[in-house]
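Pasting the structures here.
The two complexes that follow have chain A in common; it is paired with chain B in the first and with chain C in the second.
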Partner chain A sequence: MVKSLLRRGGQRADARPRWRLSKRARDSLKAYLFVSPWIISLLVFTAYPMIASFYFAMTEYTILNPPRWVGLQNFKVMFTKDPLYWKSVWNTVYYTLFSVPLGLIVALLLALLLNQRSHGIGLYRTAYYLPGLMPAVASTLLWMVLLDPRLGLVNAALRAVGLPPLGWLRSATWSKPALILMSIWSGSGGTMLIFLAGLKEIPESLQEAAKIDGANAWQRFRHVVLPLLTPTIFFNLVMGIINSFQVFTTAFVAGAQTGGAGPLNSLLMYMLLLYRYGFRYFNMGHASAMALVMFIALVLITLALIRSSSYWVYYEAGGRR
Partner chain B sequence: MAACAPATPPAPAEEKPAEEVPAEKEKVTISWWNQFSTPICQEMFPRIVGDFEELYPWVTVDFEISGGPPGGGNYIEVLLSRIAAGNPPDTATLWTPPVQFAARGSLMAIDEMMKDAKWARPESFYEKPLRSCQWRGETYGLPSSAGPGCIFTNTAQFEEKGVSPNRDDFPKTWEDTKELSAKFVVWEDGELTHAGLVPWEASWLYPVWSGLNGGQLFDAENERYVLDSDANVEWLSYWVQWLDDQYGGDIEQFNLYGPWGGVYPESAFQLGLCSMAQSGSWACTDAEIPFAWEVVRFPVGPNGTKSVTGFWPNWWVIPKGASHPKEAFLFIEYLCTKGWETWYTAVMDTPAWKDFSPDILTQKLVDQVGLERAKEIHQFFAAYLEDAVDMWNSPIEDFASDTLNSAIDEVLHKTKTPTEALQEAQDLCQAKLEEVLQSI
Partner chain C sequence: MRQRVFPATAARRHMYVQARKKMFALLTHVLLSATAALFVIPFLWLVITSLKPLDQVFTDPPRWIPDPIMWQNYVEALTSPAFPFLRLLRNTLFYSVFSTLGVVISCSIVAYAFARMDFWGRDVLFGITLSTMMLPGIVTLIPTYILFRTFGWVGTYAPLIVPYYFGSAFNIFLLRQFLMTIPWDLTDAARVDGANEFVILWKILLPLVKPALMVVAVFHFMWTWNDFMGPLIYLDDASEYPLVLGLYAFQTRFGVQWHLMMAAALSVTFPLIVLFFLAQRQFIEGITLTGLKGV
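Up next is the complex of A and B:
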């Protein structure tokens, strides 16, 4: 009887079979365990707030009281009854249309200049990157002094070359260009580093071959460097658009000087209006609706850019996507 | 020597016998949130809180003077979150009108506690500052300060122009004030180098300018906005005319000529570029004006009947869900009454409490202008507060304020007429108000 109770290897016959995972399953489980902290934080701190925000967008929610379902009422008010909504959309689109291309051009030029092997080049790269490290509030306050219409250095420079001084942040016409200037100054450093990395990836052999074939610097840039840099340009373009849509701190700080959002609400950016609805007007439902609209807009723009990339983004390995 | 004698300090709390801990009372710790951060706040508030704790030895106050909530973050965001989560601080100081919170059910009504209060009975406060804490007949906080607004004048510049700098000689009407302002306006080579009065410089005083012309912005009793009244249209039309007649008619060009606004350092007033400017009582000591000045009442508009003022309080509230509301009330009562006497010795922030000792003066003001003059200025503000307009009393105060500021900006930029701008502002504010009232 004892013998019959034993299996080969001494295992008891009446023992429950052990559930044995395959090696692949065990490896997968280990992998998930290792990334679980990240997944949990993604679910708790990103996915849940996003889903909650989508829900709040359909409610009247003051934070102080439980949300009350109102369906699409927030969207109706936003699109048809709030004149400042379209003002903020226009301000943000204006800002994006100028700050992103100009920022890319400046960053690319800087990267080309700094893509040299020369003594002290590391210092120059650091110097151009440093503005990006400055806290947004501090850099905005600094620029507000520089752009002071009476005493600022920028207008002093304009006067010195015989040009009329500008109102900058005190002018409805020039306040957004002032913000764009600030964004280029602070944002170009990081974009420049990414372009620099992209430039380093371009094989020297291709440039040398072009040189041997008689191509001048501009032709080498136009026909070798630029096409191979398009993946980096594409990445910076997408990130630039996403970041520019979310401009808040500079507009908030600069606008405060003129009572809130600049002359004639010229600095009332989308995120600033969203913030006002959420935390000044106790209308988190409306703010969430605005956030949802921005999310959809950014998804559509990003998808459009990805679709368009097949026409103008080149990858070294296999041509266009 | 007597004129230079320092102001009598308030009786320190230790001279008053501390309340004996009643047998049934256990020691409690209450939390107090605030946004104070300046060196004077860091010096004075611990002292005031210490006096309170001596008076009520069973209560300890947990607080910090760091400019924001414990742990950092935006004050209002964190406070809203904690109230929503049901674990708010026991008491908070607000720089945002409390009616907005009260109307949404997030503050505790304190009328019952005020009935039996030692100092903070309803009749002990100036009417309008207390009304700024009231919603639909209930009181949801206390105002500690009610710094009245006024016009500051540069007495030396007045004398240079042969104009009497005495308060009683200051013009009583808009027309006379505009005429006076014109005397100080100087244009050199097409640029404005000196201004008189810039009436639109202080947005927090817009309710005052409306009231000076017999108008109103928000009718709290009937819960409706009245922005587009004839009196308000007349008020803004007057300002446009003032801009055209004295300052070139182009508001953006005008703004380039100087840092108009207020009386603080780097303002046109302190730089000597402007002879008159608007501010509140606290600026008498806080702004450190380096020359002789006078404070005068606002002039009355064509449609107005008397000179009125505004006020800008610190509000002290007890959020709903506070763990120790009774002790929290004792704290805010003390801070807004006897405790503020101590604060007032350092900063001339006119108390909202009427039973304030008349012998207590701000030492800095006494040092600056002498005892008799300091007393006179104190009495000026205390008396003017009796003529305050209703302010800060709308459940959509911030929305309305932003909307009105935009409207006035459009009028001064001449992109809209006063009628158009105020009509649009009226429609927006009334719609928002109705939306909020329906949801309450």
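Up next is the complex of A and C:
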């Protein structure tokens, strides 16, 4: 194989007879030179850490001493001896179950509304997107003011419409809904823009055809627009779940005020607990084990979603795949 | 025929359709304004609170106009020894600029190879690149930290900057897609004239995909500006902190001074708002591309 790539050079009169690489081989080498940074990155910053995390998860490793093999000990401790672990799993699942679907629905509704208008879109678009520009620390501080249980603006609004004020970040029951509210406020604008772009791609002719066939607005949405948006919804659903399982900054900042993880650890997200094990207790083995479990869970969820996609995601030219 | 027999019905029908259309437009308008208000009011509250004296931050009923308007909150917050704004800003700019530079350079070179060069294993490598975009950061976090620790990089910005000089999956993908759209004829002529690959990339292709490069740069810049966990893990010394970490440290020490917190929070956000208005098109395009790559 290599030999076929080699060819005798010697076009030049003064050149000694020697083996020279063929043009194809030289081009290939050049290409590898171009992609080499990325190959290094994949090996050093992706492949190695992934393999190493399996190893570290089976060790007791506190940075100061070399890793000591303990087998499945970390997993055993994590699943059976650490009540905070299941608390963090529950908090994270709760957060994801609400923040991802609600975020998608709000974004889709905003996009549909905005798509009705032909002028003045820019202003609304900016209004929805502005919150997404705020660094998570800054927006969390802002919401700590807005959600103040006694005199915050949100509770003032609730009182004004005759609803009882809530404890929000100071209450074990309401701290996660507060976090979800924050995520919708800052995340919807971006997702809305994605949906808006998706809506613009739907050919006018399809809607017109449905109209001529007598479909009303709801039927057109349900049977024309929504199916054509499913690839976008699917993609945002998968990425949304991956991201919200790893929620960290908002919970970290909001929880810092109340014992580090919110009232009764109600804001102790998975990533927060992992951070504690890894960077407070320097228990790298335990932290790696936690990361590995999360990774496997995410892979399984993603695979399940991909499998389910053949039932509800439509791809152009060929209906469901 | 029918329309000639019953012209009145047709006219009434037309009026009805028009009225419905108007109603619908009005409803859309009202709903849009109401939701836009819900998104903007918290932001407005940030501005208002940042200009209040402390005793007007929490009042019943809420106070919408500060009296007096405390511009000096900004002076007080940004010159507070607990929130050394200029140093934090310098650190953030250092981190953001050098990391962005790395991403733009490395990703254009790698993307060029994927788009324009033929080599064994290219498609497999590209497939791997795509799949790493889905890889949750959590799985590489700990081993990467340990790796950088053995390099002696913990306590410096190196772990936050150096990796970006080796490419990043999504940006490689994005630039490759753009480079693919440029006709080969454009570069073939230069190749015949003996231009090497770097010249072709630098002089011909990159100027043509400038909008895409801008998207990559703007988004990466914003991402590093907002990045909290990276600096939190890798930086030890408060003098090295970037803005967001400085803001967090400020809050843990002076948490009850909410008027100053809001002034500081707005100051950290403000440069991004300016950037957004300067590069709005790139922002919108970038977000759209991020989300549509699944299609």
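Points worth noting:
Just so it is clear, the second predicted complex is superposed on the first by the 286 of 321 C-alpha atoms of A that agree within 3 Å, B and C clash if a C-alpha of one lies under 4 Å from a C-alpha of the other, contacts with A are read in each partner's own complex, and residues count from 1 in each chain.
Please note the rule applied: contacts are C-beta pairs under 8 Å (C-beta built on N, C-alpha and C of every residue); 3 or more make two chains touch, one makes a residue touch a chain.
This one's a predicted model, so the numbers in the text were calculated from it and none came from an experiment.
By the touch criterion defined above, A:Arg150 reaches both chain B and chain C.
Of the two partner chains placed by the overlay, only chain B lies in contact with A:Thr62; chain C stays clear of it.
Shared-chain residue A:Phe279: touches chain B and chain C both. Once the two complexes are overlaid on the shared chain, A:Pro177 sits clear of chain B and of chain C alike. Counting the residues of chain A touched by each of chain B and chain C gives the higher count for C.
In the superposition on chain A, A:Leu130 makes contact with chain C only, not with chain B.
Once both structures are placed on chain A, chain A residues 63, 150, 279 are touched by chain B and, in the other complex, by chain C. Residues 27-28, 30-32, 34-35, 37-42, 44-46, 48-50, 52-53, 56, 61, 63, 110, 113-114, 116-117, 123-131, 133-139, 141-143, 145-146, 148, 150-153, 156, 185, 188-191, 193-198, 201, 231-232, 234-236, 238-239, 242, 245-246, 248-249, 252-253, 256-257, 271, 274-275, 278-279, 284, 287-288, 291-292, 294-295, 298, 302 of chain A are the ones touching chain C in the complex.
Residue ranges of chain B in contact with chain A, taken from their complex: 74, 76-77, 80-81, 83-84, 100-101, 104-106, 203, 252, 255-259, 396, 398-399, 402, 405-406, 409-410, 413, 415, 424, 428, 431-432, 439.
Of all residues in chain C, those touching chain A in their complex are 24-25, 28-29, 31-32, 35-36, 39-43, 45-46, 49, 57-62, 106, 109-110, 112-114, 117-120, 122, 125, 128-129, 132, 134-147, 149, 163, 165-168, 172, 197, 222, 225-226, 228-229, 232-233, 243-245, 247-248, 251-252, 255, 258, 261-262, 265-266, 268-269, 272-273, 276, 280, 283-284, 287-288, 290-295. For chain A in complex with chain B, the residues that touch the partner chain are 60, 62-65, 68, 81, 83-84, 149-150, 165, 167, 170-172, 259-260, 263-265, 276, 279-282.
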